[in-house]
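Chain nomenclature is as follows: A, B, C, D and E, assigned in order of appearance, with residue numbering initiated at 1 for each chain independently.
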Amino acid sequence: MQQLLTTVLTGVTLGVVYAAFALALVLIWRATRIVNFAQAPMAMITTYIALVLIDAGYSYWLGFAAALLSGLVLGAVVERFVVRFVSGKSEINAVILTLGLFIVLHALAAIVFGSRYRSFPAPFGLRGFQIGDTTIALTGFGVFTVVAVAVVMVGLVLLFRGTDLGLRMRASAFNQEVSRLLGVKVGRMLTLGWALAALVGSLSGLLIAGGGLVHPSYMDGVVVYGFVAAVLGGLDSPVGAVVGGLLLGLSLSLVSGYVGSELVPLAALVILMAVLLLKPGGLFASVRERRV
Amino acid sequence: GAGGRPEGEEKGSTVGITDTTIKIGAHFPLTGVAAPGYSEIPSGHQAYYDYVNANGGVNGRKIEFVVKDDGYNPTNTSQVTNELVLNDEIFAMVGGLGTPTHSAVVDYLNDAKVPDLFVSSGSLQWGDWPKEKPFTFGWQPDYEIEGKIIGDWVAKNMPDAKVGLFLQDDDFGRDGEKGARRYLDSQIVAVAKYTPGNTDVAPQIAQLQAAGVDLVLGFNVPSYTALSQLVSLKIGFKPKWFYSNVGSDPALVGSLLARFSEGAVTDSASLLNGVMSTEYLPGMDAPDDPWMKLWQKVWDEHGADGELTNYRVYGMSQAYTFVQALQAAGQDPTREGIVEAIEKSGASFEGPGIAPFRYTGDSHLGISGMSVVEIQNGIGEDLTPVLVTDLGDTPIKEDDSAAGDAPPSNGIPDVKPAE
Amino acid sequence: MAETFEMSGVSVNFGGLVALSDVSLSVAAGQVLGVIGPNGAGKTTLFNVACGFVRPDTGTLTWRGEELRKLRPHQLAGLGIARSLQELGLFDRMTVLDNVLVGADRHATTGFWPALLGLPRRAKDERALRDRAMAALEEFDIADVAARYPASLPYPVRKRVALARALVGEPDLLLLDEPASGLSSAEMAEIGELVRGLTDRMSVMLVEHHMDLVMSVCDDIVVLDFGKVIARGAPAEIQADPAVQAAYLGEDVVTGADSR
Amino acid sequence: MLTVDNLSAGYGPVPALDDVSLTAGHGEITAVLGANGAGKTTLLRTISGLVRARSGTVSLDGRPLTGVSTEDLPALGLAHVPEGRGVLAELTVEENLRLGALGSRRKTTAADLRRIYDLFPVLAERGTGLAHVLSGGERQMLVIGRALLSRPKVLLLDEPSLGLAPKVVVQIFELLRGLVRDDGLTVVLVEQNARSALSIADHGVVLNLGKVVVRDDAATLAADDGLRHAYLGF
Amino acid sequence: MVRRHLLLALGALVVVVLVLETTSQFRNAQFAAMAYYAIAAAGLTILTGLNGQLSLGHGALMAVGAYSTALMLQSREGTLPLLVILALATVITVVVGALVGVAAARLHGPYLAGATLALAVAIPGIPLYFSEWLGGEQGLNVRMPEIPVWLADAAYFVTGQELTQIRYLAYLGWLGVIVVFVLLANLSRSRVGRNWQAVRDDEVAAELAGINLGRARVQAFVVSAGCAGLAGGLLALSARLAAPSGFTLTLSLLLLSAVVLGGLGSLVGALVGAALLTFLPQVVTGAGTDLGLTDVQAAQLAPLIYGLVTVLVVLLAPAGLAGGLRKLIHWRRSS
């Protein structure tokens, strides 16, 4: 019983982390129609920035803020000076460009920060809460993670659904020329989209790192599962990203605990294919039936 | 010959050797997921070779050490080994790291008759079949004898413990389990395996907890030691821990755990207090050991950037053994000659290892034993004398014969050529 | 009567929205049937049903006397039915010739393996297709742009490419969705002649908002409004029908029809 | 008032617009006519800054638009309905409409929306659904409605009648006349359908191969048989 | 057209013989690696360039070919002839590719990317689960069968040099390259290739032209899977091993980037991309070491440069190196 509870709770925490990363992908997808593979190394770099500050004796929260801020800047810079030149052109070239960035950032981080393992602090406790005389697998930091992701999700839903800014961002992602004719500052929207996405990505980096080990590849695992989570949810939907993340985290945790951890990636594939065969556009896909 | 070919005369090969140099090489993961930690080993090698070279080299020859990155990907290992053998024309491979990676090239090296010395991995396959792989030698104690020694100690000292295994899902975990089961079969109540790369080990630890385990035996790498500690903290699981040597480097694990704090884990060293492990080399926790003093000196004089670490100590210790082997091969070493020399006199090499090597014509397995230690405040305190054994049902016995070795004063071995 | 295309009792709902309701019609061999009606009346949807893009909730399709069940779009070409799209749908990264060759694919006789192995009979087959495609390009007077890419061509030329692609397969029934949109009156007249010229080879179903064209080429007209057939008959009858005028034509426009 | 002076533009070596000048007066409809490929669309796109002018200027109420980016034009009161349905199919109908107003920095009021919905009732029915499902003509209505929502001073329309039922064309043209009359709207109307365009326009400009060949009152143009046959094809 | 392909192939064969006979063993080994990259990249370039399907999982299909080859070479005495083994490995991968292709045929853009990404990480997990049979993390060792005596003799007779294992493998690989390229060139210039392109450009129009979308997609996927299978088999021979860590996501992604670097949709581009994958790391690392960098730094330099090259090529020559070169030549000629 306790094993199940532990497995489920850790699955949820894991899922929330996937969800955080998936939210960043969704944001960038909605704002620019690009899948950003470089999201993970960008978050890795900003986490290192936080770590450098914390190691220098500053508080966790200063590092936290610095990471988010540098994420914002990094996202904007990458969009403005690199991605801008392929946006709206061939889809695959954009994908390859972000892959190239992935490799570059990785190598840079290894050169600048070294490739050894380093531990990253957590702002809240890492001991499970005590209920009676059992300890449940939910920690203060876990609660913080869940809350942070929920806040981001709600924020994104409000941004896209409720605000003119969100509307403008979506419009420029779909059709740059028409958007410009409608007075949307497309360039600014794209930069903003990347900046915000990189900020959310940085948050996910901090959440994954918190109370864990950091090295240049520490985010690589989440690239696959975060992407799968986003795709499960339908890529366009922040709520979908969170549901996809939770579904994935939970199932993978159960598979790992009761079947075998080597089958975790296979389970991810099976879940994804099962969902996509029923709904080729993901769980929360907006119905797009008309083709002619 | 067939097709009218001239017949080549087979003599000892001296590829890679000149009058003033000897070129050796190895593959290590310098990039990628396995790079943290392991990428430091070659810098240990390099520092020691630089030290030896600065002191005149071996028989007047300077050692050139060529390191190639394989990113822990066997396909790359194969390519860089081709490069080392065919392009750089190394005399021998020394210290090539990793079980899956080195598996890719072991046959090739043997086919090409390139000495494949002191593989950085405790898999049995480097030493157990000298007939099929005459050029390959292991170095560290293999995981099976480590499993045996741990199993035997637990069976004797904690006969009532309900043991759970926490295993990396490969040769490492499998060989360790095999050794441990020889003594502990009836005590083992649960086995949890993790796949490297999957950092969520909560399901595995929860499984051990659910089985009522009160002693966990871990055959895992250091980062998973940290992860397993953290998860246990999270779910309130408080067994005794026994990590195999690979996973236990207290300096490293301690520093990894150092930050998992902010109120929760205040003192990281104390988190590891009472954890048991094994040791076969003096390491960073024993700065006063004469070997460690030597390594510190070498590192200070010739080391690259950064601190001395246990990975670098591992590399220097391997390098030391290689220098011994080269000396044993005599004034005019050949590839066949060095293999023969290690088979003949390797078992008597005196080095930092606390147990003797098992090198003979019938076995190319490395160090034969280790001692069981308990970590207190970041230091491994011996619980046993040195215990040595071999594969299969070879009994475990105490053997302190190699534990007292001290380095020569100049820090360079002086092995006589094998007859 | 063998070449008749019939739809009977076709209804389509898009979640509450009735796009077609109990629509029946038929096109006989060599006939041009016009389908007109206000925007959103269901004309394109009707074509989509005929092509298998939309599966009707009720109703049946019959072609050459046989019912088409579970029709899938890719089966159309084989059945001898071709359709031009409202928004052209040219293959942008293929030359004009290749575009038309794809349309001619129905007449190919060799399959995957000869293509893979480059067998001689594939080369022969390919030559035959090419001749067919070039003939079609010449018929539409666009042979000179065979090697160009569609995007670089003026709209009316692109339109012809699309038509050539639809016709090179030598269909027996052609569905044309707004072939004249974006064309000048002169070009529209050309299209009209072209369509009339097709009737000895095939039947045509035509959706169009330009009344001049519709009235001049159609033998028969069906008028849809809100998914229902509100009138059918010869052009003159339709033009005079007050219901059609109210729903679709408006009062003024009718006058222009005869002034060409 | 929109003034175009000696404008030239092109896509490759061949100019698509060659030294074109025209004036679209306040409260007037100016029809731009010509065969396919004459350069009508290019003219509108150059005015909007979507195509870079090689030489010449465009000015709005005397203010030169050189250096003003496309994105700022709606705020200056210029709306452009592009050729070939610029519907953002992935957004809802209402979101498409809202974007129209956003460009001119205004909040969409319920009254604004109602005005468009009255004009095109079908858009009201589809309001919260994705624009993706709209029929060809419904899309055309949407883009026109969207442009009107920005309450422009100058409206550039590229073939607005494309795909619309005759009755709707009449309705839209009537609406345009009304706006021009009542609000002083300036309209530049590109039409393939020269006859109906000239029927509501005040002036007409005929382009051929990127050059202005004739410029005159709409009525005069419509009456000129030679011209009609040579360039307008009716 | 076909005759031209055959003539080109013959010319290529001559070049291959000349190059392999005059270069060192080490170069031979590199050429063998280039050969399998080229074959896999060629399949991928057909899939992505011609049919518009983005696969991030071709490394996994290579794994299928590699493991099939390894399994067939396990028995110590008497295996099938090597060419038969490679053919069978290709066929097995084709079957797996068909299964994947059927599932993938309905997916688009990022959804397809996600599914193939999951495939890329899932397949290498299978040998871990069936470790008894597939060797777990260590994988299966592959022993290249002896060179048939008649072949070795014939080679010696013709070239006057001993045919080493490595050179033999390089020949095998380049034979594969030539055959695969001829077949793919045939396909892409035929109605089959044309229909794939049509599906890529406009699904609705393609369907109306009588093309069964699903079938065309599966067909393209299967062809490219076949290439990946053959490449995997050659890789296993070349690396002497089939192990999960040889088929990480990185491999899939590198393949895709090679295809784009070379020039998407062009077979020459696949060759260029393969050459980059094979030679760039070694050259860059070598240069780094010569510049006095430490081994670790020099090792990081290779991915850094590769990444930068990728970014720059995408930005400056979106048609890839092959495309960029073609443009440059045109420009030279016309100016």
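As a convention for this text, contacts are C-beta pairs under 8 Å (C-beta built on N, C-alpha and C of every residue); 3 or more make two chains touch, one makes a residue touch a chain.
Here the structure is a predicted model, which means the values were calculated and not measured.
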Going chain by chain, each one touching the next, work out the least steps from subunit B to subunit C. 2
Which chain has its C-alpha centroid farthest away from the centroid of subunit E? D
Between A-E and C-E, the pair with more C-beta contacts: A-E
Mind checking the centre-to-centre distance between subunit D and subunit E? Centres are C-alpha means, answer in whole Å. 52
Would you kindly tell me how far, in whole Å, the mean C-alpha position of subunit D lies from that of subunit A? 43
Where the CA atoms of subunit B average out and where those of subunit E average out, how many Å apart are those spots? 36
Per the C-alpha centroid definition, the whole-Å distance linking subunit B and subunit D comes out as 77
Spell out, as numbers or ranges, the residues of subunit A touching 2 or more other chains. 107, 110, 115, 260, 262, 264, 289, 291-292
Can you pull out the residues of subunit C that are in contact with at least two other chains? 14, 44, 51, 53, 85-86
Going through subunit D residue by residue, note those that touch at least 2 other chains and give them in order. 133
Every touching chain pair, please? A-B, A-C, A-D, A-E, B-E, C-D, C-E
Residues on subunit E engaged by subunit A in the complex (per definition of touch): 48, 54, 103, 106-111, 113-115, 117-122, 124-126, 128-129, 203-204, 249, 253, 256-257, 260-261, 264, 296-297, 300-301, 303-304, 306-311, 314-315, 318
Along subunit E, where are the residues that touch subunit C in the complex? 1-2, 5-6, 182-183, 186-187, 190-195, 197-198, 200-202, 204-213, 219
Can you name the residues of subunit A that touch subunit B in the complex? 2-3, 6-7, 10, 14, 60, 107, 110, 114-128, 130, 134-137, 139-140, 211-213, 215-217, 220-221, 252-254, 256-258, 260-262, 264
If you look only at subunit B, which of its residues touch subunit A in the complex? 31-33, 35-37, 39-40, 169, 193-195, 197-200, 202-204, 206-207, 209-210, 222-223, 226-227, 230-231, 233-236, 252, 255-265, 306
Note which residues of subunit D are touching subunit A in the complex, please. 48, 50, 69-75, 79-80, 82, 86-91, 95, 98-100, 102-105, 130, 132-133, 146, 150
